[in-house]
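Next come two complexes, and both contain subunit A; in the first it sits with subunit B, in the second with subunit C.
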Partner chain A sequence: MKNIFYIILISIVASACTTVNPWERGILAKTEMAWEPDPLMGQLQEHVYFSKEGSNGGYGAGGGGCGCN
Partner chain B sequence: MNIRFLSPLIILVFVFLPFTVSAISVGDTVPSFKARTIDGSKSIAVDDYRGKVVLIDFWASWCPPCLKSLPKYNELRREIGTSDFEIVAVNVDENTEDAKKFLAKHPVSYPIAKDPKGVLPGVFGVKAMPTSYLVDKNGVVKYVHAAFKEGDIEKLRVEIEKLIAE
Partner chain C sequence: MGKKSSSISPALAALTSAAMALPGISSNVKAAVAANEPKLSLAYTRYDEDSIPSNDALSTAGDRDRYDIDVAQIQFLYPLSDKWQITTGFVYDDMSGSSPWFIQPTDTLTATGDPLVVMSGATIDDTRYDFSIGAEYFGEKFTIAPSIGYSTEKDYKAISGALEVEYEFPSKATSLRGGIAVSFDEIDPTQEPGEIRVNNEDKENYAIFGGVTQVINKHTILQTTLGISYFDGFLSDPYKQVWLPTGNLPDSRPGDRTQYTFATRLRRYSELLAAALHVDYRFYYDDWNVRSHTLDLGLHKVTDSGWAFDTSIRYYTQTQADFYEPFYRAPRADGEYSSDYRLSPYGSVSLRLGLSETIGDWTVKLAAERYISDKSYSVQSVDVENPALLDFTQFTFGVDYSF
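Our next item is the complex of A and B:
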């Protein structure tokens, strides 16, 4: 029982998780931290990808694989 | 239940207790605070504005809605006047220079305090950026507004005018 208690206590104290408060998100708000820093470039790359692959899907973009849309 | 089984639970409660933050909400008395202005030239104390309706606004240069809210608040202050109303902004940028650059592009006339360590938003229990607290003449929080959209300024104007008339 004592060992279980210490395991629980150590796992809590050693946890690397922390809460980032709303006012501490300055670095997270930087452009380079975004999943898609440049939405226009992202759309263009997505278009080139599905045109070359002759397939579509997975990105939420509509249209066929002809590269004409 | 055996105390041996209860003790880990008690420990857990005490471990997580510091993480529970009590937020300032409607009906609470505004915490008394004093902070340096963004240029460091003087101090701003919220108690100095007792007798006026005060809007305490927490903002940061990196927060996109703040780009909309600051000019709107400035315009609102100009329209309402400062005889019965004042805006006290608290900037929470970790690097105050970022806020200064922002204000050079989007200047405002109301006093801005700096809090790079984020002590005040912690005291207020800010849940989103920006968040503003509308405080009546007696220092009681009457309205809390989180985030900012185009139409929000009119809602705020109604609340401010209601409190000024009281």
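Our next item is the complex of A and C:
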């Protein structure tokens, strides 16, 4: 079921895309457009939520656990 | 090493920015080529959990103060060439405070009434040291990023490793990414007189993820990721107990857990606001029957004068694990028990603010977050709120220096 949803989502996204030439990508390269503009603070946030909530993960590979409770 | 763009004209900076984007969209995930100068990042964070309210705790249960943590982070990024860079990181946590121990009803004779938290007796002090090192290789079509980490504290050790790979299609508008991660953790709880706790337990984690990043138009980029993570071993909390009329029992959870995630992130630049809108959403499900939704909305603005401002609001809601109860009226046939608030049904809202200023090679950063959780924030109706739900505040001060 999830795979079907994923395929449909990609299809919708792909059909909504417009061609963006390389010289038109200056905005996409801006610091504020990064997935995580400040990696160090992002790392801390992820660790806090990982330690203090019942679910975690989602955006990539995580690190090891901890005894935080 | 070259200096930063503060000394070049805005037109040249715009051209440089566009040129950096030429290799494709990897630059939005990581740099498409290695950084052109080493960078040292330092940050100090003060994390304070609110005390348990007096009407939610057993009056004779002692200290209601929860954890305060001082966190120091150091990260050093060093480019070896235009194809390779390494990043080393170190985190030091200094923790102090009490932790919820178990929850009992106001009327223990009839096992009825409101749940009351009983905190761990003595203040717990611990320190954690976390070391990590990662490399990134930037090829023509592939970016490859292996990393390893080691975390140690008085009663817990973890060694972890990960490998992430990203492939960019020739159109440079689409890339596929995937990765694997493993972690081997060892738990050796501090023993207290009169308490029965496990000795030398361990757990393992194996995770895999894959996703796609797509340029939608010159203002918008989207990334979706699917992940599966499997835990095996001792997944209980050795310091928590559950209350039953016949006497307390240790927190005891299943020996394995499989987690599934679907996450999507959107970045949209608004010419009107001259700022980037961030939208992150994650759906999570696991075989303990915990389901959660996380929505994070943010606005990030960088000015020509070097100031950066960001604000975001995060909403989180989860359902409870199958075996969770605030307290138990009778033994369970499967022997699985937990009254941990992290496995209870609730919702939370957090607000974050950040401000930074870049002058030459230096960037100074300030950030604050307020996090509150409550049963009323849950998307589903919650009959009995876990009285140990967490509220916290944290402040961060950081400095970056580019050599």
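Just so it is clear, the second predicted complex is superposed on the first by the 36 of 69 C-alpha atoms of A that agree within 3 Å, B and C clash if a C-alpha of one lies under 4 Å from a C-alpha of the other, contacts with A are read in each partner's own complex, and residues count from 1 in each chain.
By definition in this document, a contact is a pair of C-beta atoms (placed from the backbone, for glycine too) under 8 Å apart; a residue touches a chain by one contact, two chains touch by 3 or more.
These numbers were taken from a predicted model, which means no experiment stands behind them.
Asks: Applying the touch criterion given at the start, work out whether A:Asp38 contacts subunit B, subunit C, both or neither, answering first, second, both or neither.
Replies: The answer is second: A:Asp38 touches subunit C but not subunit B.
Asks: Which holds for A:Lys30: it touches subunit B only (first), subunit C only (second), both, or neither?
Replies: Touch status of A:Lys30: both partners.
Asks: Looking at subunit A, does subunit B or subunit C touch a larger number of its residues?
Replies: It is C that touches the greater number of subunit A residues.
Asks: In the overlay, answer first, second, both or neither for which of subunit B and subunit C A:Thr19 touches.
Replies: Both partners, subunit B and subunit C.
Asks: Classify the contacts of A:Lys52 with the two partner chains as first (subunit B alone), second (subunit C alone), both, or neither.
Replies: second
Asks: Which positions of subunit A sit in both the subunit B and the subunit C interface?
Replies: 5, 9, 13, 19, 22-26, 29-30
Asks: How about subunit A: which of its residues touch subunit B in the complex?
Replies: For subunit A paired with subunit B, touching residues are 1, 4-5, 8-9, 12-13, 19, 21-26, 29-30.
Asks: Which subunit A residues qualify as touching subunit C in the complex?
Replies: Listed in rising order, the residues are 2, 5-6, 9-10, 13-14, 16-20, 22-35, 37-41, 43-45, 47-49, 52-69.
Asks: Give the list of subunit B residues in touch with subunit A in this complex.
Replies: The contact residues of subunit B facing subunit A are 4, 7-8, 11-12, 15, 19, 58, 60, 62-63, 92-95, 98, 118, 121-122, 126-129, 131.
Asks: Help me check something: in the complex, which residues belonging to subunit C touch subunit A?
Replies: 14, 17-18, 20-22, 24-25, 27-29, 41, 43, 45, 47, 71, 73, 75, 89, 91, 95, 99, 126, 128, 130, 132, 147, 149-151, 153-156, 158-160, 162-164, 172-173, 177, 179-181, 183-185, 187, 203, 205, 207, 209, 212, 214-219, 221-227, 229, 237, 239-240, 259-265, 267, 269, 275-276, 280, 282, 284, 286, 290, 292, 294, 300-302, 308, 310, 316, 318, 321, 342-344, 348, 354, 356, 365, 367, 369, 390, 392, 394, 396, 398
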